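Per-chain residue numbering starts at 1, and chain names A, B, C and D are given in the order in which the chains are listed.
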């Protein structure tokens, strides 16, 4: 018997409940373009193993995926250099905010994991290696389009330009790593690609589609094609669980119980291994910089569906 | 069809492979009693949902469970004060070694999670509250005996005394928290209970038995009795996954893919939710202070059994 | 022509001005006995090279010298072990509050200087070495009495006991250093001596008298006897200047321009090399834990007398 | 009776002794242009209150003054904005290496003092304010030329360009402060001026001449003109003493006993208030990044001349 009707009603109920709530967190202000987003937005899309799509709210509205892109650049970089990537970046939770520079000094420029800003910049530097920024960025974008099966996915140049104008702390992080040789390309090149891949715009539907390979052993159920080996999919999920929500990763694991990756644009991609790929979006953030309603919606979803990886 | 024969042969193969390996890590030296343990020891016990026990190696040899006890004191303390516990201790990974004091200064004496030493001392202080050390310790011990269904489980007084004589850093941590009011009882009382519950001796068989409630929604399948509600079991598993192996928690999640808690005595309790409770022991430790062969054995086990919580 | 009349009128004017001020800082609360002191107290004593004593305000009122004692224990310890002392403690400013434990972790238990709490505990441990606490304490007390030429100087046992009951952070620091082997004696012994020498009670007159050897190349002008070689006096003065006021040392040098050492009892000993020994007391503290009016009075004194070591 | 003959023979003896020594420290390698300097160079110039010049060794050889320039930019910035400067930078010792970024995170982008790199960049930003980089740099250079009474003093463009190409950590520091608003001008402008004023080339004779106002209450004895008020000269000397040698400031105060400022080019400017302005140069550095022989020569000089500010 199909779970589809149950899943659809759960998704709709959650979207309804979220619309009623007045606590919406705070929209990220550090990039002007993000600060202009309507805090009332909420979208939720779940795609199960059979390809059933349960969607509710603003499921087709594109938003800036920001750090959610780091899941895909990590996937790409592992495909390029394999485990050699782990010489350039660790895979331990950081115990610090997303843009902390303290840890870099303690550990000689090697970021603790690929999901804090420093780590994601190092991963971007690996993807860039030996290419022009334009080529590297094209590769990332085509990868996203292929996974989402949608060639219209694009970069919001205004967001990228805004981040470039105001992202002083990321410039600091990149130059700091450069001083240790952890960033190898010219800093401007690496940051150019980084700012642009963070500025990719996607809807919940596109994002949930793009994440399906992580829920299904590295294989895209829609095409039947293997994107990455099963072991790599498990491992990316593991890094998402321990590091995907900055200094709120423990909290997310505790409450939601799924691997996930958030972005300051308010999006979260969450993976229920073997079961579903989930994208949620609501632009208001909590103190750790993760979508406030997004996290609450996911907590409700895993509870009602019994999808926590930590037990029924 | 029962998985039991397959599981048994997998467990035996792993134990055989571990016996062949010459890389055994380093036995903890900081307590003289632990330093005397034979580095060749290796035990592995898996108990599945049906109660099938697959055991290999030194599965009946008692060892000092040390920090593995923190899973059980966390369970007890949550039973006593519920979510109020989280005012005294956080649940985020620490990004630091197990005995770091730096984070305590930054966060006003509140430890980041219940599994680093400072956090476990704070949890012990909660259990102690309003009781004599002897009573609190008795309660912890009886809880362990009940879970393991074995009234012979006991504390190794020589280990406890040794730790008391040499555990200056733990004394420092406890007094530091006391200076912030996070430890409420007399420091000697709290540390007395802490050193003693870390000195509980158990075999892999006893430990795997005691951990079953975490694999089965808080219910002990042997007795059918509920130890804790299902949601609490999931949450304890989540904290184990993100924080259970100190600054090697990310690595353990990445390689093993199960919630687990290690101790410097060389034991690890790992939980495959819905499937099995697993105890492994090998006294040689890796750089992060976790059992070297224990981790490798668990990695092999989850791979062969397909038990990773991060996907097939 | 004697400067004495000018000095006396300057000292009286300053005491008068200080009495008028309503900003008095905050009396230290962390020890109950210190918290009971009247915040209106103010004393100032200057003894110049000729032995002229200019005194004003509560110059005969005994107060708890607290960390000012660290100047004298440093002098004693250097007399006992010479430059070997610097293997146990550094002589760099700390850049942290007086009771910070962070630096100890970074530098393997070796405190940055002898005037932060950790460093002073390490110095006390050196003095204690091979003796009973009672003997070591007797030696410190007799040294103070001899320097002040006053055998009535005594320890306030109530303050010592109070500090012992509440000094959890110092217990933490000492045990932390013990874990690195930097504290060699039993922690209780070392801390017992430390808490007691901090609890010595002295008046401004006694303290200024005791400090004269530091102003005069290590020689006590009253007796003509050499206490320490000239070079050592210079060096102790240098450590006072760079480290004598915790994380307000730069500020004190900038404003006052004299080597000095403060205590949370509100006392400050300041040295005008070749010119005068100065003791000031006012129990209200500023944010860095240094006497608020004491510092202002000293700033006024050096300005009017032209005594800054940094130029006329 | 003039001290001149004695001073001259002391200076010559010290230069002779330094030439004999084989321990020369390590020439800074982080800028290629600095790494090429001959490690055998040694120059020493002392100018006393009467204008007597005692010079020995390579006293006319220009070297890159690097961080010694920070004394002069601090003087200029205080002249421009007065005590308002201290809102942008502190005046406490840092307790960290010269290029540490950790402290900036803890203190919201405000550097601890004007002599660590971050602080000097903030000071440069104040000087730059509202001007073109070329103008600001011209002002700094003319100030140096006027103080040294030598219009030939110039910037070594090769050093400036080299630093610009390789100074990633300074780029990181500046961008990090920019992210907190502590740097107000475009980062490239501020760093351009900073890299260039660090690349000023001067000989010991020129540097000692330029520093005379600090030894004589803010007045240049050669011209009789007041450069800054006496109080400001005292205060700059105080900051030099507590912060002038990075994490070796305590050591320098302890051994030399004079306010001083070092640069990685191997130069040190030291001030004996009321007595002399001193410049020493030897390119080999110690672990803290200060001239190895320079410090030893100054220690010998103050000892023989009895010039320590901490007593005869």
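Basically, a residue touches a chain if its C-beta (ideal position, glycine included) is under 8 Å from a C-beta of that chain, and two chains touch if they have at least 3 such contacts.
Everything numeric in this text was worked out from a predicted model, so none of it was measured.
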item: Shared interface partners, meaning chains that touch chain A and chain D; value: none
item: Length of the line joining the C-alpha centres of chain C and chain D, rounded to whole Å; value: 32
item: Centre distance in Å when chain B and chain C are each reduced to the mean of their C-alpha atoms; value: 48
item: Distance between chain centroids, defined by C-alpha means - chain A, chain C (Å); value: 56
item: Numbers and ranges of chain B residues touching at least 2 other chains; value: none
item: Pairwise touch network: line, ring, star, complete, or other; value: ring
item: Chain-chain contacts as defined at top; value: A-B, A-D, B-C, C-D
item: Complex contacts: residues of chain C adjacent to chain D; value: 90-96, 103, 112-113, 214-217, 230-231, 233-235, 237-239, 241-243, 247-251, 253-254, 257, 259, 273-274, 303, 308-312
item: Sites on chain C touched by chain B in the complex; value: 100-102, 104-106, 168-169, 171-176, 178-179, 187
